[in-house]
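Should a chain be cited, it is by its letter among A, B, C and D, assigned in written order, with residues numbered from 1 in that chain.
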Amino acid sequence: KDVHIAAISGYFAQGFGVSIVNGLKKAEKDLGVKVKLVDTGNRALDYEEQFNNIAKSGEYDLVFVMGWELVDALQKTAAAYPNTKFVFIDGVLDSKQIIYANFAQNQGSFMAGALAALMAEKGSAVEGLGDGKAIGFVGGRDIPVIRDFLAGYEQGAKTAAPDIRLDSVFAGTFDDPAKGSELTMALYGQGSDIVYNVAGPTGEGVLQASAAADKYSIGVDIDQCNVAPGHVMASMLKKADVAVYSLVKDVVDGKGIEPGSIHTYDLKSGGVELLLCPQVVDKIPADVKARLEALKTDVIDGKITVATVK
Amino acid sequence: MSDRIDSLLGQALAILFALGLGAIVILTVDESPLRVLVTLLNGAFGNPERIAGTLLQTTPILICGIAACISLRAGLFNIGIEGQLFMGGFWATWVGFSFNLPPVLHLLLAMAVAIIAGMAWIAIPAFFRARYNTNEVVSTILANYVAILVTSYLTINIFKRPGGLSETPPIHESAYLPELFSFSRLNWGLIIGLVLACAVHFFFTRMSRGYAVSEMGANPKFAEYGGIDIKRQIFVVLLASGAVGGLAGGVEALGVHHRFMEGFAPGFGFDGVIAALLANGSPIGTIFTALFFGALRSGSLLLEVDTTASREIITVIQALIILAVSAQITIKRRASDSTAGERRWKF
Amino acid sequence: MPFAIELKSITKRFGSFVANEGVNLAVERGRIHAIIGENGAGKTTLMNVLFGLLQPDEGEIWIDGEKKILPNPAAAIAAGIGMVHQHFKLVPSLTVAENVFLGMEIRKGGLIDHKAQIERTASLSKQFGLQVDPSERVGLLSVGIEQRIEILKVLVRGARTIILDEPTAVLTPQESRELFQTLRGFVAQGMTVLFISHHLEEVMEVSDTVTVLRHGKEVATRPTAELTKSDLVQMMVGRFVSFDRRPRPPTSGKTVLEVEDLWCRDERRVQALRGVSFKVRAGEIVGIAGVAGNGQTELAEVLSGLRPSSHGAIRLQGRPITGLSARAIRAAGIAHVPGDRLVRGVDRNASIALNMLMGRQDQKPWSRSGIIDHRYLTEQTTALIKRFDIRARGPESPVKSLSGGNIQKVVLAREFSGDAGFLLIDQPTRGVDIGAQEAIHGEIMRQREAGKAILLISVQLDELSALADRILVMFNGTVMGELPGDRVDEEEIGMLMAGVRPGSGASARGAA
Amino acid sequence: MEVLERLFNVALVVATLRTTAPILLVALGGSFTTKAGIFNIGLEGQMLVGAFFAVIGTIFTGSPWIGVLCGVAAALVLAFVFALLVVTFKANEVVVGLALNILAGGMTVSLLKAIFGTRGSIFGHGLVGLPVLRLPNARDLGWFGQMISGYTPLVYVAFILVPVLILFYNRSRLGLYIRVVGEKPEAAEALGISIARIRYVSSLLCGLLAGLAGAHLSLGYTTMFTENMSSGRGFMAVAILIFSNGDPLKILLGCLLFGFSDALSLRLQTFGISSYLVLAVPYLVALIALFALSYRARPRIIQETLASMGRALSVKPNAATDAEKAVTRG
């Protein structure tokens, strides 16, 4: 019997969603499962029927759900169809029927903030940096998940270099790269030399702006080093592809996944990670790299607790 | 009567033409039009739940459509229904979660506030349209953007509930608009919409004010000659249209979502305008066009799950239908308005 | 020498309506030729045929001894014919020179050469004595200058025959005189001028020959010198009392409407009314005669509150109503049959019944507490359809399915069936056939007998003489004189309509 | 003081010019239809398909220039449909414009899914943007050099088009005829100028520039396509067109105002003002400008009220036609 997997989200087009899709594609290829992607669009009214349509078919062995706006519909459906296994990606809810794949984006962002701050502190000692002693952040919409990234980023920066200024802005939308690019230019203009994007397609504009302005940016969710090679300093990976793949594999292998179980993907488990881009890695001074390693260890060991925003 | 049949026939032909084009579009994305049609029908009417789902989708389109009808009949173009809906939805929610009131009273107050919010949101464009003839199409479209941003601001920066959700706290149950059946979120909003459609139909066909408004839309010079105060009436009509737009938001907030969040009800305002246009500004006709769009929307939800075609195909087909019908209307107009040519010579 | 222009038995039909019937017209080169006739006599139609705007159904056009087919204005222009339309077609935001050269711009390197255009315009304007400032924007100029520009447009296209449709209708007396000067200059340079006019003294003054049209037929073509003004009027209006005067019991009551020194401007901000005063008593029909465009429309609009007056007072039943809204004026007791019935008088797409409702949708018994009594409306409409002999399938028939005459009856039925004490009736039978005219006249008389005060504006003298107790003749925004309705002296009224005060001999235009 | 310096500097000017360029291009396109007496609310959609097909064209040919051509061609198709319905079939301009916007939105997403398998954004796939032009010697000019150098070509095109269009309307025959058709169709008709033809031509010219504006968004401003990436810029342009009446110079001023308010408001965010409020600023500026200018223009408007009212909407199958040709002016 074929294994059928569904994924439902409004964000398949954005970094994190792309990562999920990649994981599923890989599972499709390697494990021979059947995958159905359901795009929710952006109308709250539609979500519940879409969940119902999926659950009622009874056809899917595992349903991945991504996006906080779907929570309401998810919980209702999960309660109504206890036999359908839903995996909520990127958060933990009260329901015991749902499986959770939780990513510690705050931890990853903590590392990104530390890197940005340490580099900014070096100032013009590093090629392409100025002495603004400031770092930037461009968010998509001003929503809690993005604030969670921001909180980690800020804490990382302050921990690594307390004097660094952080300018954070939001584009108000995930799909206006032009606005992302403009915001980034504004941040550069105000002294930031490194800008972290957490803004989906808007963020692509951030990365492109770093190339246009000959400055630095930090990618998010997936490996974005190649969007603006040499200008993307690092990418904060949220390895949804890995998470998704391993969960699917468990199903294929007949290992039961416990409803209500929480699968955590953090620095410790390697589910989130700061990837220094190979094009830039040589420009990063050794002491910065060492400090980053130390900070990472502190977080993993629990010496530093990274704040989270809900 | 034959006029009526002619025009219905014309519209039907136009819709068929658009559907034909739509079929071609579907073929280009490698899906069978027939399968799409069957899935659509199944998704929209396959079982009682799905029928209720269709009616659930129909409700906001219908109420927004009535808001549009009110302005269209007066020869005005309120494209800001979207913004009025967001405002109405937000402020109804606000009443719903910030006050503790007895059940019916709470609901009524929240509805009233939704209506007032919708009116307030159109008041300035309406004033400038009435007084200085400021193009209401553009001013109401721009106001939509502002409304969506402002409600987002209020939701996320001011009233956000704790937790990972970008939404307001839920409203108290005393402000719920009751559901009609246990198996669906379909609620009294549909009844409100139907009653409103009949009321607006009654207004335009039976009431003196409605007569004055529709004559202003049909021939403003005649209305002016008959002693109708056009400026005042423009203002009032736009306010009324905004009020219904706000009500649509109230119904969605109190009947379906019980809270306000991002993505509250995007696009329903536009759908409503289009439904009203297709119905030629008739509220009763809008019931059917709204149902048509509701079925398309609802059917497309299954389409997404059961076929490889995406829901945007439905948007494309919708647009094609509007285009076909808009041209159709004028083909008739040109044929019947033979006096226009005569008049030109008399100049 | 061949005629400059020769039209041979031109017939032009619009549907079943014959606008020109076998019209012959021959004009020698170097002459000013006038064409006169009542409204709707077919003058403009004939000129449009000559200018290629309309195609004749029968007949031939010969220009300088050659037979021509003129499928469009461009062909006419190529044949040396130019036309200045009754309504100017200038673009306000463009300069004089740009307007003159519009459609045949002088270009250098692909771009319009404004300098050259201005120079050419200046030299042309000098050559023909048409003073204009070529670089001025047209929107800022007066009507008189606009007309010069229209003439320049024609000249610059090399016209040798110039048609002017009612050129003096919009001009001040001084401007008219200057225009005539210019026209004489044209013929002195070997050009030919055809012009249409309703002002007989002008025709007498400047034309060499004159053609009179009546009901689409040519009545006469004569050298002007052989004719007197009263000959012209005679030929123009024919046996103008075509209706028998309606028998009338004397019913004269108290003054209902009083207009005192009323002034207003038209859309172009030109004074359209210049101090009009009169009274209308109950049971009296006061006629307003005059050539169209002498302020009658504006008078009607001011009285009904659709146009603001700039000065003066209107009193209805002794109460001042100046400056009130159209609604308040209606409520005060004025019913109005508008002159442009398709624009203002009806909603063509609505049913007859709904058209009957306009203006009284808020009144009992048409509506009660805001709800229209459709049963009453249908009953009333059915009754009115019967009473006014409206040929329609029923009260629900859309107005657009009715013929012109019947649409007019719908308007009359609505306005006459109210209880307004004063009826303002503008062109009640324009475009209406004889049968319907009879009926409408009968209805107007019934209203008079019912004690209504009636102001009847009409360009048809026979209509006025059949109906009116007194006739006021309007000219150029003023009341030229008053005649008793029962003894209309055609000579006298013709003179007044032409702006000549009997006895004084001088044109009133000069005095105005 | 320091705050002001952080806010007002050359970077702000540069940002203003950058944010202005796409709106300017599309608004200049709209100037053709506005001048020809057509109310074109479909600019948004034309821009969007322009952006989309520019990217598609680039991906399939590898040349951004061919991409630009593809974008323009797609916008032209939409413009042609607009003209066909509005001019030939006398459909309501607002209805057609809105429907074409919806069509553009749905079509681009459907095609995204059909071609790339997902909705959202496309970049990579061998997509290359238009090159940045650095003017020679710009460095020697100091801040001025900074201001005028380093944009992608279509930015220069947008600003150069302003004088070109002024010249076009004042000195070219077509420009003159477009103005005449919009202002006084009877005059054009009387002189044998075909109103329909001029309206077609101006619709297509409009499509041309709207397509360029879209291509600029996806190949110049950024190098990617995102669904709905025109983000209301077309509607902004319509607002500007209403109060500029289509005059290129006034369009430039209007666009600069929006570009400036956009650029400035983005910077204001770093001072802790909520992003949602800041983002509303350009729309509010547009609204205020619309209202303020219509208040000023009122005497003319009073006369036109009735004419435009009949025309503003003829949903009723046979509503007044005589006012149809009147131009909507705010």
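FYI, a residue touches a chain if its C-beta (ideal position, glycine included) is under 8 Å from a C-beta of that chain, and two chains touch if they have at least 3 such contacts.
Going by UniProt, the chains are B, D = Simple sugar transport system permease protein; C = Simple sugar transport system ATP-binding protein.
All values reported here derive from a predicted model rather than from experimental measurement.
Here B-C and B-D were compared by C-beta pairs in contact; the pair with more is B-D. Separation between the centroids of chain B and chain C, computed from CA atoms only, is 47 Å. Averaged Cα coordinates give chain A a centre that lies 77 Å from the centre of chain C.
Averaging C-alpha coordinates per chain places the centre of chain B 27 Å away from that of chain D.
In terms of their C-alpha centroids, the spacing between chain C and chain D amounts to 45 Å. Across the assembly, chain A contributes 39, 141-142, 172 as residues in contact with two or more other chains. For chain C, the set of residues touching two or more other chains reads 87, 343, 348-349, 400. Counting only residues that touch two or more partner chains, chain D has 119, 186, 274, 276, 279, 316-319, 322.
The full set of touching chain pairs reads A-B, A-D, B-C, B-D, C-D. Within the complex formed with chain A, the residues of chain B that make contact are 43, 49-50, 53, 56-57, 60, 149, 152, 156-157, 160, 162-166, 185, 252, 256-257, 261-267, 297-298, 301-302, 304-306, 310-311. By the touch criterion given at the top, residues 7, 25, 28-30, 72-73, 75-77, 79, 124, 128, 131-139, 141-143, 145-146, 149-150, 152-153, 156-157, 216-221, 224, 230, 270, 273-274, 277, 280-281, 310, 312-316, 318-320, 322-323, 326-327, 329-334, 336-337, 340, 343, 347 of chain B touch chain D in their complex. Chain C contributes residues 14, 44, 48, 86-87, 304-306, 325-331, 336, 338, 342-350, 354, 357-359, 361-362, 366-367, 370-372, 374, 398, 400 to its touches with chain B in the complex. For chain A in complex with chain D, the residues that touch the partner chain are 11-14, 17-18, 21, 37, 39, 139, 141-142, 167-173, 175-183, 185-191, 200-202, 204-205, 208, 212, 226-227.
Contacts from chain A toward chain B in the complex involve residues 36, 38-39, 41-46, 48-50, 52-54, 57, 68-69, 71, 91, 141-145, 148, 172, 310.
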